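In order of appearance the chains are A, B and C, and numbering begins at 1 in each one.
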Amino acid sequence: MKKSMKRKLIFWGFLGPSLIAFTIVVLVPFVVGIYYSFTDWNAVPGSTIHFVGLVNYKNVFNDPQLIRAFRNTFIYSFYAVFLINTIGFLLALLVTQKMRSANLLRTVFFMPNLIGGLILGYVWKFLFLKIVPNIFQTDGNMLSKPSTALIAMAIVATWQMGGYIMVIYVAAIQGIPSELLEASKIDGANSWQNIKSIIFPLVAPAFTVSMFLTLRSAFMIYDVNVSLTNGDPIRSTELIAMGILSKAYKELNFAQGQVQAILFFVVVASVSMIQVYYSKKREVEM
Amino acid sequence: MKNYNKKRLILEGIGLILGILYLSPFYIIVSNSLKSKRNILVDTMGLPTTLQFENYTTAIEKMEFYKSFINSAWITFLSLIALVLFSSMAAWILVRTKSKISTLIFMMFVASMLIPFQAVMLPLVDFFGANKLNLLNNRFGIVLMYIGFGSSMSIFLFHGFIKSIPLDLENAAYMDGCNVFQIFYHIILPLIKPISVTVAILNGIWIWNDFLLPSLVLQEKALRTIPLAAQYFFGAYSKDWHLAMAGLTLAIIPVIIFYLLAQKHIIKGVTNGAMK
Amino acid sequence: MNSGNEPDIFNIGGPVERDQWIDFLEPLTNQPWVEKSFKGTLDMLTIDGEVYGQPYNIEGYGLIYNVDMFQKAGINPENIKTLSSLEAAFAKLEDMKDTLGIEDVLSFSIVDTAWWTAAIHAINIPFAKQENPLEFIENLNNMTATMSGNDRFMAFTNLMDLYFKYSYSDLMTVSYDDQVGDFALGKTAVLHQGNWTIGMLDEIDPDLKVAFLPHPLNDDSSWTNGSIPIGVPNYWCVNKKASEDKKDAAKLFLDYMASSERGAKFLVEECSFIPAFSNIKLEPSDQLAASILEYSAKGDTVPWVWMYTPSGFCDIVVKEAIQNYYLGNSDKKAFLEALDKGWTELSSK
C-alpha cells in the first residue's frame, strides 16, 4: 500500500510541471473558448457574460468576409504548397548530385528557414515595393493587386520553407540504394528516366509528409501575412488566422472572433488527422 | 569522361546562380542599410553612395536592440531549460508507467498537437489578464505559456525516444539502491541527449522567432522581444527604410551566427522533428 | 489595460474607448487645467458635464502645400476656399509640372502604412462638415440617417475623384514614406497629411516652406469649406480603482504637465506638441504648428469625428470601400452603400 502510494506520488510529481502548464495554457483556454463562443463575451475585465446560444455562429457563417478569408486561404495554400514542394524537390535533386558545392548550397538554401516569418515578410516587402518594380521597370508592384499579392506571399513562403522541404527530400533521395541507380544507368536510362522511374516512386512517402507539412503551415500562416501585406489590398490577403485577430481586436467582437478560432481549429485539425491517417496507412503497408 | 565534366560544370553553374539568387535578399537589405535616407529614396538598387554606419547606431537605439536581444535570449533560454527538463521527466514517467491513466494523459498531449495557437489565444489572453491570473506583461508569464504550448510536441518526441531505451540499466541502478531522481538525473538525462538537442532546437527556433504570442502578451516596451522591436520600423508612421533595413539586419545576424555554428545539429533536428 | 497590470495613469483614444473603460475612469472635472483647456478639446472625454481625461496635445491635418511652388505657379493659397478653386489650382500645377519639376500634383495614399490618410482623415471631412456631426452619428446609430444620399458624402466622392485624378497613377502602391518622402523631395506639390510630418519634412529638406490648405467639399460658403480638422489624439486618464494616494499623485502630475512652466516647455520643446491649454504662451515649435494655430485663432476648424465611429469602421470598412471605389469595383452609390452596410453591422453588435 505504501509503495503504491509512493509510486503515485512519483508519477504525478514527474508529470506535474508539464501537466500544470499545459492545463493552464492550453486546456482551460480551449474549453473556456468553446463556452465563450456561445456568449456575448467582450474581454473587458469584470463585465458579466451572458449566454446567447448560436447567435455568434449564425453571424459568423453569414459573414461574407469569412467566406472570402477561407477562399483566399485555399488559393494561397494551393500556390504555396505547389511552389514550395516543386522548388524544394528541385533543390534536393541539385544538391544530391556529385558536385563540389553541394554542401555549401545546402547550407545556403536552408538558411532562410531559421529567420522568423515577421522579419522575412518585412525583408520581402522592401524587395517587392522597391526592388522588383525597378528590375522590371514597372510602376505597379505585386503587393498592390489582389491577384498577385497572394502569389507574392507564396514566394516568400517558398524562400522560407523551400530549404526545409529540400532537406526532407534529400533524406529520402539519399535513402535510395545506390545500386538501384547504378543498375539503371547500366541499362542505359538517362537522368529523366532515372528521376521518373526510380526517384519519384521511392520519394513518394517523403512527398506525403512534405505536402501536409506545407499545407498545415500554409493554413496557419500569420507572421508573413502581417508583415508583407497586412490584409491589403481590399482585405483580399486577410487570411483566416489574421481574420480572427481583426474580428477580435479591430472590431472588438471577441465572441465572434472565438467562433472563427474554433472553425479554424476544426479545419487545421482535420488536415492534420488526414495526414496521420495516411502516415499510419503507409507504415502498415511498409 | 569529357561529357561528364561538362555536365558537372553546368550543374556547378546552376548551383552558383541559384545560390546567389537565394542570398540576394540579404545583399539588398545590407546594402540599403548603409544608405542615407535620401540615397535610399532616390536609388534602391545601387551600392550606397557613402557608407552610413550610423544607421546601425540609430537603429540599435530606436529599437532598443540590446534590451530586446536580452529579452529574447532570456525568454528563449528559460523556456528551453524548462521544456527539456519538464517534458523529459513527464515523458519518462509516462513510458515507464503502464496504466490506463498514463496512456490517457499521453494521448491527451498527442491530441492537443492538433490545436493551433490561434484557437486558444483570445481566451488565453483573457485568462492571464487583469482580475484573473494577472500574468500579462510578465516574463515568467510568457515562459509559462511557452512551456504549456511546447510540452505536447516535446513529450511526444521524448516519449518516442525513451521507448527504445532498454530497462536493464534502470533496473540495475535500482538494485544498487538509487532512487528515481538519481536514476533520472544520472542515467536518463545523459542517454536522451540527442533527442534533447532536437527538442531544444525545434522549440528554440519557434520561441526566438515567435511574433504573435509576444505581440499579444508583452505590450510593455521594456519587455519587447526582437520580432516586436523590428516591428517598430514598420508601424503606422514608418518612414525610415534605411533604419528599417539596419534593424532587420540586426535582427537576422544572431540567427545566422547560431545557424553557422550549429548547422549540423539544426538540420538534423529539424528533419527529425518533421519525420515524426 | 487589457494587458493586465493596472497603471495609475493610462491613455484613452476617444469616446469609444471611453465608454468601454468607463468603470476605470476617475472624474477630473475639478482639476485646475480643465478651465484652461481650449474650447472643444475636452468634449470627447466629457459625459454629462463630468470630465474624465486630460488632452495630450492638439493635432491637425489638411492639404500641406509647398509654399515656394505655389508662388512660382502664381497661385494664391488665400483664395482656395472652395472645391472649384482647389480644382483650378490642381489643374494649374498639373499644367506646370515640368516647370515646377514635379511628377504628380498630390501625395495621397489609400493603402499600406498610410491607409489612414484616406480611411481616417479623408473620411472625417464629410462627417465633420455635417450641420451637427454628433447628431448625425447618433442618427446613423439609430438608423434614421444614412451616408448614401447625404449631401456631404455625395460631395465627398467628388473630392475623392479630384484626389485620384491629380495624385499618383497607381495609388495602391503608396506607403507613408513614399507619400511624405515624395513631397519632401519636391516630386509633388501638395500632401494630404498632418502636422506630425514636419519632422520628416525637415529631415529631408530643411529649407522646405509649408502651410495648410483646407479641403473644401463644394463651393457653398455655409459648409465650413475653409476649415481644417483639428483634434486631440489621446487623453490621459486616472485609474479610478487605484488607491487614493496614487490617484492624488497622478492628478498632481497631470496638473504639473499643464500648469507649470517646465511641463509646458516639455510639451512644446521636447515633444513638439501643440498644447491644448490657453495658459501656455510659448512660440509654436514649427511651421505646421503655426499654421494650425492660425486656423484655430480664426475659428476655421472642424472636429475629428472618426473618434465616434464604431470600432473597426475606419480600419476595416472605410479602408476596403475606398480601395474598391478607387479600383473601379464600385461606383459612387455602391461606395456609400458599403459604408452604410459596414456601419450598421458594426454598431448593431
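In this text, a contact is a pair of C-beta atoms (placed from the backbone, for glycine too) under 8 Å apart; a residue touches a chain by one contact, two chains touch by 3 or more.
If you're wondering where the values come from, they're calculated on a predicted model, not measured in any experiment.
Counting C-beta pairs in contact, the chain pair with the largest number is A-B. The chain with its Cα centre farthest from the Cα centre of subunit A is C. In terms of their C-alpha centroids, the spacing between subunit A and subunit B amounts to 16 Å. Taking each chain's centre as the average of its CA atoms, subunit B and subunit C sit 41 Å apart. Counting partners per residue, subunit A has 43, 46 as the residues that reach two or more other chains.
The set of subunit C residues that touch two or more partner chains comprises 2, 175.
Contact with two or more other chains is made by residues 125, 129-130, 234, 241 of subunit B. Listed in rising order, the residues of subunit B touching subunit A in the complex are 8, 11-12, 14-16, 18-19, 22-23, 25, 28-29, 32, 44-45, 82, 85-87, 89-90, 92-94, 97, 102, 105, 109, 112-116, 118-127, 129-133, 144-145, 147-149, 151-152, 155, 180, 184, 205, 208-212, 227, 230-231, 233-234, 241, 244-245, 248, 251-252, 255-256, 258-260, 263, 266-267, 270-271, 274-275.
Across the complex, subunit C is touched by residues 43-44, 46, 59, 129, 139-141, 143-145, 230, 232-235, 246, 250-253, 256 of subunit A. Taken in their complex, subunit A has these residues touching subunit B: 7, 10-11, 14-15, 17-19, 21-30, 32-33, 36, 41, 43, 45-46, 91, 94-95, 97-102, 104-119, 122-127, 130-131, 134-135, 159, 164, 167-168, 171, 209, 213, 220, 222-223, 226-227, 241, 244, 248, 254, 257-258, 261-262, 264-265, 268-269, 272-273. For subunit B in complex with subunit C, the touching residues are 37-38, 41-42, 125, 128-130, 134-138, 217, 219-220, 234-241.
On the side of subunit C, the complex with subunit B involves touching residues 1-6, 113, 116, 175-177, 180-181, 185, 196, 200, 203-204.
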